[in-house]
Structure formats: structure tokens, C-alpha cells
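Next come two complexes built around chain A: one with chain B, the other with chain C.
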Partner chain A sequence: MRDILKALVEIVGERGVSNTPEELWFYSRDPGVLTPHLPDYVVAPRTTEEVQKIVLLANREKIPVVPMGNGMSLTGLVIPLKGGIVLDMKRMNKILEVNAMARYAVVEGGTSQGVLKAYLQEHHPQLRHSIPDAPPTTTIAANAALHGQGRLTQQYGFNSEMVTGLEVVLPTGEICLIGSPSLGPYWFSRGPTMPDLSALFLGWLGTTGIITKIGMRLYPNKKIRDVELFVTDRVDLIPHILYKLTHLEILEDVNVWFQPKPLVFKGNYHITLYFTGDTEEEITFKRRMIWDTLQEYMDSKDGGFMSVQYMKDMLMEMPQRGIADFADVPKGGGFEYSGPITIIEHFPQYAAKVVELAAKYDVLYASSARLISGGHCMMFSISFAFNRNDPAMMTRVKHALDEATAFALEMGGIPWKPNFMEQKMTMEKMDPNALKLLQMIKKNLDPQGIMNPGNWEVNP
Partner chain B sequence: MYALKWKEKICATCPSADCLLKCQYMSFAGHDEAHGEMMKVIRGEDSRVLHECATCYACEEYCKRGNHPFYLISERREEKGLFTAPRPITNQWINMTQMQGKCMAGAVKDKALSCCFIPDLGILGQGEIFKDVAPAAVFGAEYMCPAVHTHFARMSVIKERLPKVIENFVKLGAKEVICLHDECYGTFTAIADAYGIDVPFKPVYYMDFLLSRMKEMKDRITPLGIKVAYQRPCSNRLIPDKYPLVREILDLIGVEIPDRVYQGENCLCCGEILRSVSGYKLADDVQERNLNDMVASGASYCVFNCPACQSSLSEKVAKKGLKPVHIIDLCKMAIGEKEREVK
Partner chain C sequence: MTYVRTIEHADIVHRCFRCGYCKFPSDYVDFNCPSYKAFGWDTYSPGGRMWLIRAWLNDEIKSSPHFAEILYSCVACDNCKTQCVFPKFKDFIPDIFQEAKAELVNEGRIPPEVRDYFKAIAVNGNPYKLPQSERGKWAEGTGLQPYVNQEYLFYAGCVGSYDEVGQKMARSVGKLLVDAGVSVGILGSEEACDGSEVKILGEMGLFTKLAQENIEQFKGKGVKKIITLDPHALNAFKKDYPKLGGKFKVFHYTEILAGLIKNKKIILSAYPMKITYHDPCYLGRHNQIYGPPREILKAIPGVEFLEMHRNSLNAFCCGGGGGNFFTDILGTGEDSAGRVRIREAMETGARIIAVACPTCAKMLSDAVKAEGLEDKLEILGIAEIMERARTK
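For the complex of A and B:
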């Protein structure tokens, strides 16, 4: 053990390694409901070469390596289920390049959303990236590694679809460039027109390698953003409303949410509609298109636009901090969500399930769905709040979330950022040959099984 | 349950039918048609008025014969299960204004300062002008006048909640309630009277209070020397006799209101409720006409009485180059308590 610590210190320096109990305690958990598990070491590299040396050491010593961004995925994905090294990527936070004309940025593997946002605002105000509503300290590479979604997902797809190239340290220690950067200096394509190797690292939750550099698409940052809030009390209408809205092809982001408290939200489904423009005329034109397309629901009195004035500042924030306020409702500041990806048609069934689960397990719910790629699917979040000081409540939330995942699988949905048990449930339901392929890829990439072990394993 | 006191005979013989003839949101060929439609409403028959009324409250002012045409229209709509605004919006208002025991009440002795359920009023009702009554400020659904539900034709909510609100003030020991919102004063006077609901305290209109306080502080006033346009709120239609107070207060602080088309009886609604009830086309049209008229009058400020109007129009008037300001803040400017360029 002493030798491993010494070797790690040699790689990253003393300030980059720790095995003190306080630090191990901190890195043994995430803010969700899963049971913590202690790592043996916490290591914070600064360069790709350091990452490479750590992985080679881990291979030699057969110890697990768990890449970690900000640990905010809430589903225990950075809990070191089998101990070993937690690799805290946050010191690798440099912005390496912005190609304004080709609209992409290349950043290091621990760069946070907030850092890129601030950099673009200062140096390239005409450009933006797809910011998730997660805290700004969460990292860009991790978000892509778990197929996250952000403000531009409605228009352009999952954030992982916006990847334009990767540099990865493979589980066996090789440094590998993926996409156009493997051929030249430009980071404009993750794969096409070659086989898309980026898929070997996106959605794998750190089990197939460590992303040390990532290229991400940037998009036009229009001068004005605005928001409208449509409400209806008829859940059966939601899929139709969303279909009509996405037909417009003018919306930046669409979120559908409902929650029983505070009372102003009771009984209604809310559709937050974001749109952008460079001029007041463009904004007015788009607003009118939105109003016109939903006029029929106003005429039938089934839906209408509510005044957003008093909530506007909160709604316009990026990321939207208000989302986490819900955690404070039952005291004790905890919440976790399951966010299956599903088709929009199923919104009413999922909505009913949330309410049913909240009643069954006596927990407080909130739900918010985000449209993906113009309505091909949506992320339907099933969130429950809990008091961290109430283990019984946390257990109830855990059961409610497990049942939500089982329901999502039954409905033909795909669990998003699944915890290790949900991954197991997913693999059990998967086409057997697809599962074989998955295992074969994983085995080949990580023959020692050292990368974030316990995840994407049939027997974790 | 309380019932609207309605004098049918007065309408039957009405020579003007002004209630509907003057309506800015519906047009009628002449007296006979307007009168005929009103009589249908009275008889409980279907009338286009029940489907087209934009709920601007103005007919409460237009009728000079002591009837309450708008309350009646709202009653009939509810009886027939009609919604003015979409159902989810209507219910949202009912839900969010429910009493939940989350109110705040200061040290009320004889007088209470009512901030309704509008946080902005708590800030407006402070400073030198309100120094004696600010400690007695009350806020919350428990003290909120339920008049807003008239817009949604849910008079039953008013009849159920208003007596409770009155009781809550009585429990505080208030003998006088200074209302910072027109709607509260209009409810405790006009609506309560129309439904025979007893109000065992004296409602005081804040502009009366403001005028007398400004007279007391006359020495401290520096005339502002500005031209303003006044945005009259819908609820002022419930208490039209109080409308002249605006001019008196503004005269006192050296503020001119140039004549414009949409003022007095002819004023236009801020548009926010119209947006819910009729959609954006009417709302945009009304706001555009109103704002252009303000600009054409040569005003440099837009003066508000109601915080809801202020919130819906502030950004829009600012884009037209006018500075939005509440009349209380204007008085605070005149006595040097507030900077001139208020947001």
C-alpha cells in the first residue's frame, strides 16, 4: 500500500494525492441515496501523461480507477464500489482552443461548464454551448460520458451528440485520439466519415477509458432570449401540444414540469418554452408563432399562457438554480432523480406513475421533462426529495426510484445515468446479442476490469 | 351565501345602456341592441356578452344608475359553467390565493396598512409618508381582497373568501384599513356593498391617505416639473369617484398630466388579463395603442397605481423611452426620499 501511495506521489506530487480518512470519507459518497464506499486513494492529475501513468500503475497493481468530474450525477456513478483510486479530474480545467468559425471548443477532461460559459461570454459572446441545469461546477466531459442534456438539446440532440473529438487514456494506458484530431490539428468531427469510435466512450460511465480532452460543438448565441409558460390541466394533451410546438422549429428548449407545491403549480402541467432572437422583431415573430400554434387550446379553455413576470429571472438562469430548491421542501436538502429517456407519447403514463410512486412511498415529487432533438424523445425526470437525516425516508426514495426504473424499462424506455443496479436491470432486458457485444467491447478495452468496476457489469 | 343585489327594473327602463354601448371590447349597433343584450344577461339567457366580455371592469363605471353590470355578467358566466380565461389559469389563481396561514401582520392597533398579497406594496408602504402606519402592515392571502376572481367569473370564490378576509382584519382589532391596492378598497366598498357583506371597519383609500400626508409635508416638496402619463388600473373602475385624486396629488408635487386619448373613462387596461382571456392579439393591440398614446402626449414618465400593471408594462414603457414609476415613489421623489430615475 505504501508503495502505491509513493508511486502516486511520484506521478502527481504530494498535493495531488491523499489517503487521509477525511478526504476518503468525502470521496466515498455522492449527494444521492446510494450507500457510500471508501476509496483507497484520491488522486488529482494535471496532465494527460499523469493520467496515463496512473492508469499504467493501476493496471500493474490491479486496482480500480474511478474517473470523477464533480460527482453530481447523483446516482452513485463515482462511488468507488470496489475501492481503489478516485481520479478527480478537476485540475485538468484548461480551455485549449476555440475555433470560432468552425464553432467548436476543445477543453481538458475536468473543465467545468461554468468555466467554458464564462470564457465564451468574455471572448466569444456570439457563441454558446449546451449548458445543462446541473451546478456550474459539473464537468463537460462527464456530462458527455453520461449522455447529458442541456439548453440546446431540444434543437441539436444529447450533449454527447455535440462531441467533435476526444483524447482518451485507454484502460490499458494508451493515449488515443478519436475523430478528426486523429488525422490532423482540427477537432471538427468525432468520427464521420470514419467509423465513429467516440461511441466507445460515450454512455459508458467511465468504464472504457478516461477522457482527457474533449471537443464540443458551439452554437450561435443570439442577443435576446425570452420565455413563455403554457399551462394545461389535461395531461392527455401534452404529447399533442409538444408535437405542434416542435413542428415550429424555432424553440431553443422545451421543458414540461409539474409538482404539487407550492399551490400555484398544483393540478397543472407547465411547458416552459425558450426562444431566442437577434432583434425585437425576431422575438415578437417567434412569440406570435408560439401563441398561434397553441390558440386552439386557449379557445377550448384547456390551456393558456401564464404570466412569467415574477418567475422570469429564475426561468432565464443558465443553469437554472431553482431546480434544486425542491430539495429543501421536506427539510434536509436531498433529492435524487431517475431520468428515463422515452417517447413523448408516453408522457401521460409516466406522469401518472410519478404521482402513484410518491403516494405509495410517502415522498414529495417533482417532475420535469426535457425534449430531445425536436421531439424524437424526451428525458422524463422522476424526482423525489428527502431529508438526509432521515434514513427511512432515503430508503423509501431509493425504492421509489428502483420502481420508476422498472416501469421505464417495461414501457420500452432507456434509463439515463443509471446506477449500478439499474444498469443490471437494463442489461437483463437488453437483446442478448447486444449485451454480448457490450461485454465483448468492455472486456477488450479493459481486460483487467479496473475502470469504474461495478458499472456496466452483469454481476456487479 | 351572499347574493348580488340587482335592480332589474332600473335596467329595464334604462335610456342609455351605457354599460355596453361604451364597452371598448365589444361593439353594438346602438341602444336597442346593447340594451337587448343586457336584458338577456339579466334574464339568464345566453348572450354574446357572456362570451366576448374581456373583463375590463369598465361597465361598473359606465353604469351611472347604481347597478353592477360586470358583477352580473360574471355571476351569469359562472352559473353557466363558462370560463373567461383557460381553466388551468382560472384554477391557478384560485389555488395560489388560498389561505394557508402564511400571512404576516405587524403591530396593528386601530389602523392596519393592507399590502394585499403583493410583496411590492410592502416596500412602497414604507418611508416618511407611511412612518406612522408602516409598522401595522399586513400581507398575505388571509388579507387579500379576492376581487381578482371576477376576471375569471368565479364570484363564488369572492363570496366565500371575502367574509373571511374581513373577519381576519376584525381579529387584528383594526378599525381602519388603509388599502394600498385599489382592488382592496374597491372590494371593501363597492363589491361588499353590492353583495350586502358587512364591513365593520373603515376602509381608507391610500390615495386619500397619500394626499393628506403630502399636504402635511408640503414644505418638503420640491415640484418635480415633469410630464407624465397615468396608467389607470381596472379596479379603479369599481371606485370611479376616487379617480380625481390622482390629479390632485400630482398637482401638489408639480407634475403635469397632458391630455391623451386613453384616459379617464376611456382608459385602456394594462393588457395582462386580456392576454389570458383573449390571447395576445387583443393584448398587443391594446398595449400598443396605449403606449403610443402615452408617448404622443409628451410624457416622460408612466405613472402606475397598481403594481400588477407596473409589472406587466414597465419593460414595455421603458422600451418606448418612458420611465415607469409608482405614484407613491413619485411622491417620495418629490420629498427627496427617492432618486429621480426610478426603475
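For the complex of A and C:
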């Protein structure tokens, strides 16, 4: 053990490695409900070469390596289930390039969403990236690696679809460039027209390599951004409303949310509609289009637009700071959600399930669905808050989430950022040959099984 | 022996979600928590501290030198309190850190640098271990008189009284007040430590003693209004002393000087210079005094006033708060707060960083040297800049 610590210190210096009880305790857990597990070391590299040396050492010594961004997946994806090294990537936080004309940015693997947002705002105000509503400390690479979503997901798909190139340290230590950067200096394509090798690293939750650089698409940042809030108490109408709205092809982002607290929101389904433009005329036109599309529901008295004035600032924030506040509703510092990806026509069934689970397990819920790629699917979040000082409540939340995942799988959905148990449930349901392919890829890329072990493990 | 730990706000500690908003300023441009910026582990962030304190209270981790370093590297800059997204408990976050340090003091498990600081204050009455008789020497030649029922007491504090950089600041303020005809006096060798850093470092008994003695002395001399050089003292006099029966009208010197300029009691002539301003945490975030220092600088003819990207509520600390000025637990590495702040000031193109706190002045002066920028950047107190504008 002492030799490994010494070797790690040689790679990253004394301030880049820790095995003190304080760091080990902290990096053994995330803010969700899963049981912690202690790592043996926490290591914070500053360069790709340091990451490579750490991986080579880990390979030689057969030590697990768990790459970590900000650790906010809430589903335990950075809990070192088999000990080893937690690799805190946040010191690799440089913005390396913005190609304004080709609209992409290249950043290091630990760069946070907030830092990129601020950088673009200051240096390229005409550009933006698809920022998620997760806290700004969350990292761009981790978000893409777990198929995260963001403010532009309704228009352009999962954030992982916006990747334009990767630099990855493979589990065997090779540094590998993926996409157009493998051929030249430009980071404009992650694969096409070649085979898309980025798929070997996106969605694998750090089990196939460590992303040390990532290229991401940027998009026009329109001068004006606005929001409307449509409310209905008829859950059965939601899929139709969403279908009609996405037909417009003018919406930046669409979220459907419902929650029992505060009481003013109880019993209704709220559709937050974001749209952008470069002129007031464009905004007025788009607003008119939205209103016209939903006129029939107003005529039938099934819904209407709600004034957003008193909460407009909150709705317009990117990321929305108020989302984290859900954790404090039971005065307890925690919430966790299951966020299956599913088709929009299943919204009513999922909505019913949330309410049913909250009642069954006596926990507080909030739910928000975000449309993906113009309504091809949605991420339906089933969120339960808990009090961290109440272990029984945390257990109830865990059971409720397990049941939510089982329900999602029954409904043909796909769990998003599944924890290791949900991954098992998913693999059990997966087509056997697809599972075999998954296993084959994993085994070939990571022959020693050192990368985030316990995750996407076919034969643990 | 099992030690049962408790802190006043123990019932809140578990409510931190560790989302990390507290690490940033409001626009997320860079990490704004000096200890997280310097050490880079999540344990050194406000959320990390909250979670570790909870684990420590629950006996999941033990008191240790490393745990003490994590707590004592906090600079008490209040950025976390400002940025936290949980309105129901955010105001208590700095209190929790201070209470945990106080509990470490009770256990006797504090870093040697902190112990030495307490010892120097208890024995010598100042952290420099210099004689009390020398405390008022800085005022020689300023025209300041001993306090005898004047309208204001000018309180210089330990740094203003003993540190060379602080003394220069105190002298400039003193001269300006005298020249403007303000009715003001000083305590000189009778002045005692205000105890602000003692409190933030967790020695509550010593702090109470210092505060009570000061209150008694102020009352005994009939002090009603106090002008402070040091925002840390201002904060203690305004927020802590009233709880112990010491109610005074307290002003920072920039508030008084700004008023004197407005009332034409001080006339400034041209001083063509590019100047930026560094907000002291205890003046800005702790006491919401952002305007007067800027009003003064903008009132100097020829001054081009340039804001740093992080300013006012979002200003980045110099790294000297929370007693770190004396204990130096934060260190002087490349990512130390002072050096980061100097690099940020350089981006503005300014030649002078104006400061309104002797601790900031010293921290940033040292950081300028560490960055090798002595020929490009000067650190000056607001009153020192005013003096230049009066003599040119």
C-alpha cells in the first residue's frame, strides 16, 4: 500500500493524492441514498499524461479506478464499489479552444458547466452550450458520459449527441483521440463519416475509459429569451399538447412538471415553454404561434396560460438554482430521482405511478419531464426528497426508486444514469445478444476490469 | 475518553446537499472559495466542510490535524453564505464552521499556528508579540490626539498598530481626519485587540474577555462613535459587541472620508492613474459597504477606475480572513487566494489595487512579490491614494 501511495505521489505530487480519513470518507459517497464504500486513495490529476500514468499503475497493480466529476449523478456512479482510486477530475478544468465559426468548444475532462457558461458569456456572447439544470459545478465530460440533457436537448438531442470529439485514456493506458481530432487539428465531428467510436465511451459511466478532453457543439445564443407557462389539470391531454407544440419546431426547451407543494401547484400539470429570438417581432410571432396551437384547450376550458411574472426570474435562470432547493423541503438535505427515458405518450401512466409511489412509501415527490429531440422521447424524472437524518425515510425513498425503475422497464423505457442495481435490472431485460456484445466490448477495452468496477458488469 | 461533541447549529448540518453553488460567484466564472481553490479537494469546500462536520459530530471521523487544517483553512469570506441556494439555513453556514472550530479549541486539537496566535494575544495583547507601549507609535506625526471626549474614536486594530503596511494605512487615515477637522482621538497604548480573529478561530472565552474589556474601556471614556481602520474590527464592534452590552455607532474610515469629500472638507486634485479596487470580505459581503470606497476613487480627478471581474458581492477574498493572515494555513502556492486575486487585478490593466483593509493590504502586497509584479502593480490603502491626490 505504501508503495502505491508513493507511486501516486510521484505522478501527481503530494497535493494531488490523499488517503486521509477525511477525504476517503467524503469521496466514499454521493448525495443520494446508496450505501457508501471507502476508496483507498483519492487522486486529482492535472494532465492527460498524469491520468495515463495513474491508469498504467492501476493496471499493473489491478486497482479499481473510478473517474469523478462533481459526483452529482445522485445514483452512486462515483461510489467506489470495490475500493481503489477515485479520480477527481476537477483540476483538469481548462477551456482549450472555442471555434466560433464551426461552433464548438474543446475543454478538459473536469471543466465545469458553470465555467464554460461564464466563458462563453464573456468571450463569445453569440454562442451557448446546452447547460443542464444540475448545479454549475457538474462537469461537461461527466454529463456527456452519462447521456445527460440540457437546455438545448429539446432542439438538438441528448448532450452526448453534441459531442464533437474526445480524448480518452483507455483502461490499458493508451491515449486515444476520437473523431476528427484523430485526423487533424479540428474538433468538429466525433465520428461521422468514420465509425463512431465515441459510442464506446458515452453511456458507459466511466467503465471503458477516462475522458480527458471533450469537444462539444455550441449553438446560437439569441438576443432574447422568453418563457410561457401552460397549465392543465388533464394529464391525459399532455401527450397531445406536447405533440402539437413540437410540431411547431420553434421551442428551445419544454418541461412538464407537477408537484404537491406548494399547494398552488397541486393537481395541475405545468408546461414550461422556452423560446428565443433576435428581435421582438420574432418573439411576438413565436408567442402567437404557441398560443394559437393551444387555443383549442383554452376554448374547451381544459387549460390556460398562467402568469409567470412572479417566478420568471427563477424560470429563466440557467441552471435553475431553485431545483436544488427541493432537497430541503423535508428539511433534510437530500433528494434522488429516477429519470427514465421514455416515449411521451406514456406521460399519464408515469405521472400516476409517481403519485402512487409517493403515497405507498410516504415520501414527498416532485416530477419534471424534459422533451428530447423534438418529442421523440422524454426524460421523466421521478424525484423523492428525503431527510438525511432519517435513515428509514432514506430506505423508503430507495425502495420507491427501485420500484420506479422496475416500472419504467416494464413500460419499455430506459433507465437514465442507472445505479449498479438498476444496471443489473436493465441487463436482465436486455436482448441476450446485445448483452453479449456489451460484455465483449467491455472485456476487450478493460481486460483487467479496473474501470469503475461494479458498473455495467455482466458477470460481477 | 469519549468526547461528546455538540455545536449550536448541529440540527442544520445535515441539510447541506453539497450541490456546490457555494464554491462559485454568481456568474460561475471561477471557484470563489479560497480554500477550495487552493487545496482542490471537495473536503475543503463549504459543502465538504458541512458533510465532514456532520461525520465528526456523529463520530464517523475523528479529530485530527488534517480535519483541523480543513476547518482552519476557511477564510470566513461569506461567499458560501451568499451563494448557497438554501435560503432557510444558508445564513448559519459560517456560524457552523466557527462553532466547529470552537469545539476543536475545547478539545485542545487545534493547529500549532492557531495555538500560538491565541497565546500571543493572551500574553502580549497582539499577535506580533510586541510591547503594548508601542501600540500607539504609528500615530506619531499624524496630529492625532489621545481620545478625550472627541466625537469619534479612531480604532487602528492590531494590524494597523503593529504591521508596517497597516501602519502606513492608519497614518494616512489619521492625517486626513485631522486635516479635515474631524473631532477624533485614539487610544494609543491603551488600545487593545478587538478579538475578531480570536472569535473566528474559535477561542470564545478569550474573545469574550477582550470584548468585555474593550466595552468597559469605551464606555468608561464616553465613546459613542467609532471609526475603524480594519473591517474585521468594524464587524466585531457592529455585530458581536452589542450582544455583550457594547452598543456604539461604528463606521469604516471610507464611509467617513467619502462624506468629507462630499461635504468639500477634503479637496482632491488630479492624480491620473488606472486603479482597481479589492472589496474586503468583512466590509463588503459581511457588512454590505460597497459604495464609499468606490465613491472616493471616482471622486479623484484623473483616476480611471477599473473593476475586476469579480467584485462587490462576488469579490474573491485575499486569503487573509478567518485568521489565515496570522496562521497562514492557506499557504502561498500558485492557487493561493492572494496570488489569484493579483492575476485578476492585472487583467484590468490597473497599476494600483486600492484596498480598504490592512489585512488585504498585507496579503496582496505579499502576493504581488510572489508573482514578481512589484514593478507593475502597487497596493495602496484608499487614504494613501487620497494623500497622493492631495499632494500632487
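Methods note: the second predicted complex is superposed on the first by the 458 of 460 C-alpha atoms of A that agree within 3 Å, B and C clash if a C-alpha of one lies under 4 Å from a C-alpha of the other, contacts with A are read in each partner's own complex, and residues count from 1 in each chain.
Here is the rule we go by: contacts are C-beta pairs under 8 Å (C-beta built on N, C-alpha and C of every residue); 3 or more make two chains touch, one makes a residue touch a chain.
Here the structure is a predicted model, which is why all the values come from computation and not from measurement.
Novice: Does chain B (first) or chain C (second) touch A:G339, or do both, or does neither?
Specialist: neither
Novice: Going by the contact rule set out at the top, does A:Y297 touch chain B (first), chain C (second), both, or neither?
Specialist: Only chain B is touched by A:Y297; chain C is not.
Novice: First (chain B), second (chain C), both or neither: which does A:D233 touch?
Specialist: Only chain B; A:D233 stays clear of chain C.
Novice: Could you look at A:E23 and tell me whether it touches chain B, chain C, both or neither (first, second, both, neither)?
Specialist: The answer is second: A:E23 touches chain C but not chain B.
Novice: For A:R288 in the superposed arrangement: first (chain B), second (chain C), both or neither?
Specialist: Touch status of A:R288: first partner only.
Novice: Name the residues of chain A shared by its contacts with chain B and its contacts with chain C.
Specialist: The overlap between the chain B and chain C interfaces on chain A is empty, containing no residue.
Novice: Provide the residue numbers of chain A that touch chain C in the complex, in ascending order.
Specialist: Chain A reaches chain C through residues 15, 18, 20-23, 25-27, 31, 42, 44, 70-72, 88, 90-91, 112-115, 117-119, 121-122, 135-138, 321-322, 324-325, 327-328, 331-335, 387-389.
Novice: Using the touch rule from the top, collect the residues of chain A that touch chain B in their complex.
Specialist: Per the stated touch rule, the residues are 231-233, 262-264, 266-268, 280, 287-288, 291, 295, 297-298, 301-307, 309-310.
Novice: List the residues on chain B that touch chain A in their complex, please.
Specialist: 83, 85-89, 91-92, 95-96, 98, 100, 272, 275-276, 279-280, 311-312, 319
Novice: Using the touch rule from the top, collect the residues of chain C that touch chain A in their complex.
Specialist: Against chain A, the touching part of chain C is residues 14-21, 23-24, 27-30, 39-43, 48, 51-52, 55, 60-62, 64, 66-67, 70, 85-89, 309, 333.
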